[in-house]
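There are two complexes below, and they share chain A, which is joined by chain B in the first and by chain C in the second.
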Partner chain A sequence: MDRSFVAKNPSVLVFLAILSLFTLGVTILSEGFGIGVISTSFVKTLGKTLCLCLIAVAMDLVWGFTGILSLGHFAFFGLGGYMIGMWLMYERTRLIVVDSLGQAEIPPTSAEVVDAIGIQIFGVVGSSEFPLIWAFSHSLTLQLILIVLVPGLLALIFGWLAFRSRVTGVYLSILTQAMTLALALYLFQNDSGLRGNNGLSGLQNLPGVTTSQDVVSIWFLWASALALGLGYMLVVWLVSGKFGSVIRGIRDNEARVRFLGYSVEVYKLAVFTLTACIAAIAGALYYPQAGIINPEEMAPIASIYLAVWVAIGGRGRLYGAVIGAAFVSLLSTWFTGGQAPDIPLGFYTIKWVDWWQVLLGVTFVLVTLFAPQGIGGLFDLWTDRRHPDRHGANLGPDDGALREKEAIE
Partner chain B sequence: MSTLLEVSGVSVTFDGFRAINNLSFQIGEAELRVVIGPNGAGKTTFMDIITGKTRPDEGRVIWGEKSLSLLGLSEAKIAQAGIGRKFQKPTVFEDQTVHENLLMALQNKRGWLRVLFYRTSTDDLQKVEDLAVEIGLHHDLSRKAGELSHGQKQWLEIGMLLAQEPRLLLVDEPAAGMTPQEREHTTDLLLQAARTRAVVVVEHDMEFVRRLNCKVTVLHEGSVLAEGSLDHVTSNQDVIDVYLGR
Partner chain C sequence: MVRLFLAGLAILCACLTANAQEADLQPILQEHQEIIAKSSRKTIKPAIDAIASSGLPQAQVMLETWAAKNMWMRKSDGLFFSGQKGEGRSYELTDFDTGEVVGTFEKTELKQLKPNSGIRAMIGTALVQFQLTDPDRARRQAALQSIQRDPEGELLDPLRASIDDEPDADLKAQKQRLERLLTIGYDTDTGARVAAIEEMSDDLGVDVRAALNPLVVTNRQAAATLPSDMNIAAVLQPDSDDLSRDAAYDLLVASDLVAPRVSADDIRAALAANIDRGRVEGVPVAQLSSAAARAQAYEALAEAGAVPALITEADIDAALAAHVFFDTYAEPSPDVTAAAAHALEQIELKVGLNQTLDLTLDAISLASIYFLAAIGLAITFGVMGVINMAHGEFIMMGAYTGYVVQQFIPNHTLSVIVAIPMAFAVTFAMGVAMERLVIRWLYARPLETLLATFGISIALQQLAKNIFGTQARPLTAPGWLDGAWVLNDVVSISYIRIAIFVLAMIFLGLFLYIMKRTRLGLEMRAVTQNPRMAGSMGINPGRVNMLTFGLGSGIAGIAGVAIGLFAKVTSDLGSDYIVQSFMTVVVGGVGNIWGALAGAGMIGFLQKGIEWMNPSNTLAAQTYIIIFIIIFIQFRPRGIIALKGRAAGD
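What follows is the complex of A and B.
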């Protein structure tokens, strides 16, 4: 029982090895650091995919292991993106403003600089005042703290209210969905302070960094890979010990765990909040690679996609979630990017841009019906997890029940 | 013998139906008690009230020598206070091994941070080992609970209850669906447990009740109809009318 962490979880080593090889491979093939086989925009797509894998790991923890089907984790992802976006936008605008005002004969006062930044950022929504929520946007450190603090607090308050009232199952899913919709609708307003439906843009330009995007994209790929690796290890550690035992117990039989003396609500709240923070970190790494964030990103459909990825990948196993997120989101990029060849049927041409969602929906239904273990279930064909090992004993309470051998045939 | 649990004047109504009607019940430390009664007599609701799942409309539930009222406490807090419950249907965590099941139930700190940083001590491993021997599952520690037979699951659940080290065990129909040999083992387990703690068993099977050989409480329409030895209550005319005479 006292074996080391890696010995107990051999999949971690395999996962980290594949992740490192992937990162190294992309770096060598990139334009910024290598031979230039992979375009910078595709490096960004891969980097973003790693962030999506990270939020999928969080989703697997909260849904696959704890049994809370949250349809709101993309709200936390988006909030994380907004938090880093505020600093990126403020700082970059400040540099430009200082530069242009510096050419005037009288050097500008700091109040003038702030006003000019305000006009630059909020002119698009007909305002020039800094809203209160931008109070810390001048400081990278503070905004970095807010990345986990704001979504974490939101999750804590929301979760406390929901779990305390013992809202479970589909009702909880609807509540989380309502939360993300409400947040998106709020942010769509121009006076929400985050530029309404324009969102925050130009996030790919790091303030004060003159290096080309070819190189910056690789930096973000590394950062995303590092975050995914660390996040994966953290979650594996969480679910492998007694804590994992308890949360899986909550998933399978909440009442029983309660009668064992565990405070189920506190456990759920802890997992919900922690996964919200992981989602926010993933978002904070994603949006600088995407370059733009707007409230559309938090629409309920995004969180539903997340659940679909995890379901297709195989919930209840972390590598399954990663595989699902990577596979489906890359495939989605391929289909919706117009790269997939159209299929002419004579009377009708199947354009994948339109039909991809139908295909995805059908896949989801089929996976749920026929392969509930998802893609990750394929790994069970290697390991012996398919059939219960009953050593030939019968399967039921009485002597007439099937024996193991009969049941398998 | 001092009283461990005292339920007095408890009533509970579901949509106008009085499930428990002015029920009073007492049990001392290290006492074995069987509760019988026809369907709908309120046996399960009675357990729900003690374990905090259902809040009574009136009455008191007093626990232990400090006379703690259990009515305001959550299920988890009541369990931590020392009341363990076994459900009618075996409810073990089927996706987890016997070892994990027992380890989760083991008397330890229940806070999430404590559990997160919990490291298995040799002491705890020994306890799990001993319990597994007691419930006859020491060869199956690494098997998933879902693979066990019905009777083994019932024992595992009893083992999990014992692991909690409760002062009061509430056991709902432990012998249901068991073979005669399995029943015998279950009887032994319960009698063994009742030496050091209070045990309340809800059971339908008269043969099983006779073997437990202890004081019996008969419930009917949410209140106590008769109490005493099995022979005493089975000769009671009221009991024969409502329950045995059918």
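What follows is the complex of A and C.
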């Protein structure tokens, strides 16, 4: 038990090394700091992918390790984006407004400045008043705290309600999906105070920063890589200790862990809330790179895609989640971006823009059926790790320790 | 030959009688010759009135001719004729009174009368009285409709006169009703109006409310003293709930009784206009960034007399105390307004009751849509415990099947009858294939079933997009389902919704029959309770699971046809219903068809109820529904109708 954290988890070193090399490589190849081989928009795509990897790590913790298939983590991701977006939009509009009012003969009062910002921001939804939820948008510090606080609180309340009444399995999945849908529908309304379906825009411009997007994109790449590295280490540390054993126990046999005297609900709630916070941080880094956030991003389908990435990458192993998110989201960008070459069949030309979703869906079914270990399972072949041959196939993390035949009997 | 002779005789007789009455139209026209020729909307009224009130039968023809721009004036003597275009630039003129052709004239000798739209509208009004007694029923009907559209006091007398001679009972009732409504609005006798209002005060018609509402419209005014010659609805106290302080003062400003307040913008503009070497009355411009400094500088300006003084709170108090505020009715008679207000109150109560009924019907209809969407799920998820995220796509496939069938069978009734079994067959086959290929490998892994079926769902959605395109496809309902069952002006429900309700009930019966009365249902229940035991009894669990899943999917396909009839058929049709369907099953209670019914009922009523409270915002309704469901699950985690005992499983 005296061995150091890294010695217990050698894969962390490998992961951090690859992440640093990747970040360094992109920096050298970028337009902002290097030789300009990689375009700024692609740097942004890579930065966004790192954020998606971070939320995939969170998803793996909550699904792969604790067995809660949450279909709502993209809601927390989006909320994080909204929280940082509020400050970015407020501050940038304030600078513009102060600048333009400064041209007038009489210097503006602070009330006039706030009114003008309100008109600028809420003009699109036919309002000019600041809703209550923008109360802290003038302060970066407060808004940064809110990034973690708001999704964390939402997860805490929702999780408390759900776990307290022992909602488990697919019911919980449907409930989380319903929560996401409710949140998205709420934000779609104009009177939600977050500009309805217009969302928040212009987030790529940092207020007061005049350097070009080439450089800013690299800053965000570094920040995303740092967040991913820290988040990964945190989660590895969590799952490698006693806490990790307990949550794996909950995944494999919740009742047994409860009878051993552990407060299952508290553990689940802790994991659910923590992963919501990680997702929110990922979102807060993602949306300034995307430039725009609207409620469409939080639709339930996004959260299901998150589960797809983690499943394809390989549940129950953190690097699997990272690989899955990076692989599928980059591939998706490539296919839907129209870069993939069409395949002419003579009578019909397969356009990948149209057929990518079909391919993804079918692949996903095949992975679920034939390779429950996902891409991460390939590493088992490489390290020559074999699973004991017990009765029938692996049931996957939800029914955990039991094998198929044992479960049916 | 004989006929011609008779016709000539008839004309002769007509002329003789006209002569006998010594009333020709032409003299009347000549009396107003100047203003008719001038054709100005402002001055034409006496001429039209004189023609309309002449009571001559030919007046109608003359007015119609005039409105159709076929009336011509002979320049030589100023007489008016009906003109018919002849050869070249000549016109054949016909006398209005005799109906005889007076001759053909060149266009240069004539002047065409071209009434503008305003005059034509006045002619139309004048014509109504003729049309009300027209022998053609359709024209009388049209006249009534025109009065309904555009009621006017002048039409009251001709309308009354026409009632007694009306042969058609239906039209007579319409005329009497219209007469009451016009009496309310335009009769000169207050007593008659009050009587008419009281008579109509138990009528739900929109037209009654439209007639009554203008009577109780009020106008908010302010004055130094309360006027005695106005019909005052209420005297208002400023700074109360009815009239805020600001609104009261604004009212005084609008009535030009006091000086307007100096707004923040005015102050800034005044300061900007009075900058003198970087200072305003000694205050440096740079310091004017606070409201207090601006007020100080402005007051200094006001003392110097450069700008109007600020209105202080004390000024406002004084102004409010010195004036009275009141609402007045536009209608001068207090009896009428009181009767109208009372009648409206009574009508509102009845309308409220009927709206509740209407809302209930709407809710039932919405509930049956949800039930229809969820019933297939109640089988696959509720009975088998298989979570099928592609359920919505089965609904979509059913709707597209209906669309494809309509491409081949143009008759809408027949095509829907064909589409229902077709949709069942297609989705049944699809469901069986899916169960055999994917789901049966995942029976013990529910979360993976969820994900795998989701994969199928996105693949199917994209396939539908690739095949049918992204635009909505029409699935047209048969003609006999168009329209609505109208109980009165408030309560109505479209036939298609009734049909969906009936369909939902049929499915409920069918489901119960299959589950309780057939061999398959028995086997299904046995397999879902204990597959091993069922297997020992000689049931093939694999086959039963396959058929059960196929049945659930097939019903989803039929639901798709029904939903496609009123919704647009698009590739994401199904995903609009999937969450609601799961909610319906979960809220109602898994494993029980009555649960799905109760769940659908609850969600339908709840959604309509919330929409009623906030009608402009259906998004909010859906949000609150979901929040309600999340909370509801806290108290009844197993749904409204929970299975008890062994059947409840874990």
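In this section, the second predicted complex is superposed on the first by the 386 of 409 C-alpha atoms of A that agree within 3 Å, B and C clash if a C-alpha of one lies under 4 Å from a C-alpha of the other, contacts with A are read in each partner's own complex, and residues count from 1 in each chain.
Note that in this section a contact is a pair of C-beta atoms (placed from the backbone, for glycine too) under 8 Å apart; a residue touches a chain by one contact, two chains touch by 3 or more.
This structure is a prediction, so every number in the text was calculated from the model and none was measured.
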(request) Would you sort A:G241 into first (chain B), second (chain C), both or neither based on which partner it touches? (result) first
(message) Under the stated touch criterion, which partner chain does A:V167 make contact with: chain B (first), chain C (second), both, or neither?
(response) second
(request) Examine A:T368 and indicate which partner it touches, taking first as chain B and second as chain C; both and neither are also allowed. (result) second
(message) Going by the contact rule set out at the top, does A:Q357 touch chain B (first), chain C (second), both, or neither?
(response) second
(request) Tell me which partner A:R258 touches in the superposition: chain B (first), chain C (second), both or neither. (result) first
(message) Residues of chain A touched by chain B versus by chain C: which partner has the larger set?
(response) C
(request) With the two complexes superposed on chain A, say which partner A:Q177 touches: chain B (first), chain C (second), both, or neither. (result) second
(request) Using the superposition on chain A described above, determine whether A:A270 touches chain B (first), chain C (second), both, or neither. (result) first
(request) Touching chain B in one complex and chain C in the other: list those residues of chain A. (result) 395-399
(message) Help me check something: in the complex, which residues belonging to chain B touch chain A?
(response) 51, 53, 74-77, 79-80, 84-85, 87, 91, 93-96, 100, 103-105, 110-112, 115-116, 118, 120, 125, 143-144, 146-147, 149-151, 160, 164, 177-179
(message) Going by the contact rule set out above, which residues of chain C touch chain A in the complex?
(response) 264, 268, 271-272, 275, 285-286, 288-291, 294, 387, 389, 438, 441-448, 450-452, 454-463, 465-466, 575, 579, 582-583, 586, 617, 619-620, 622-623, 626-627, 629-631, 633-634, 637
(request) Note which residues of chain A are touching chain B in the complex, please. (result) 1-2, 238, 241-243, 245-246, 248-249, 252-253, 255-256, 258-264, 266-267, 270, 388-390, 393-399
(message) Residue numbers of chain A touching chain C in their complex, please.
(response) 69, 104-112, 158, 161-162, 164-167, 169-171, 173-175, 177-179, 181-182, 185-186, 188-189, 191, 300-301, 304, 307-308, 311, 354-358, 360-365, 368-369, 372, 395-399, 404, 407-408
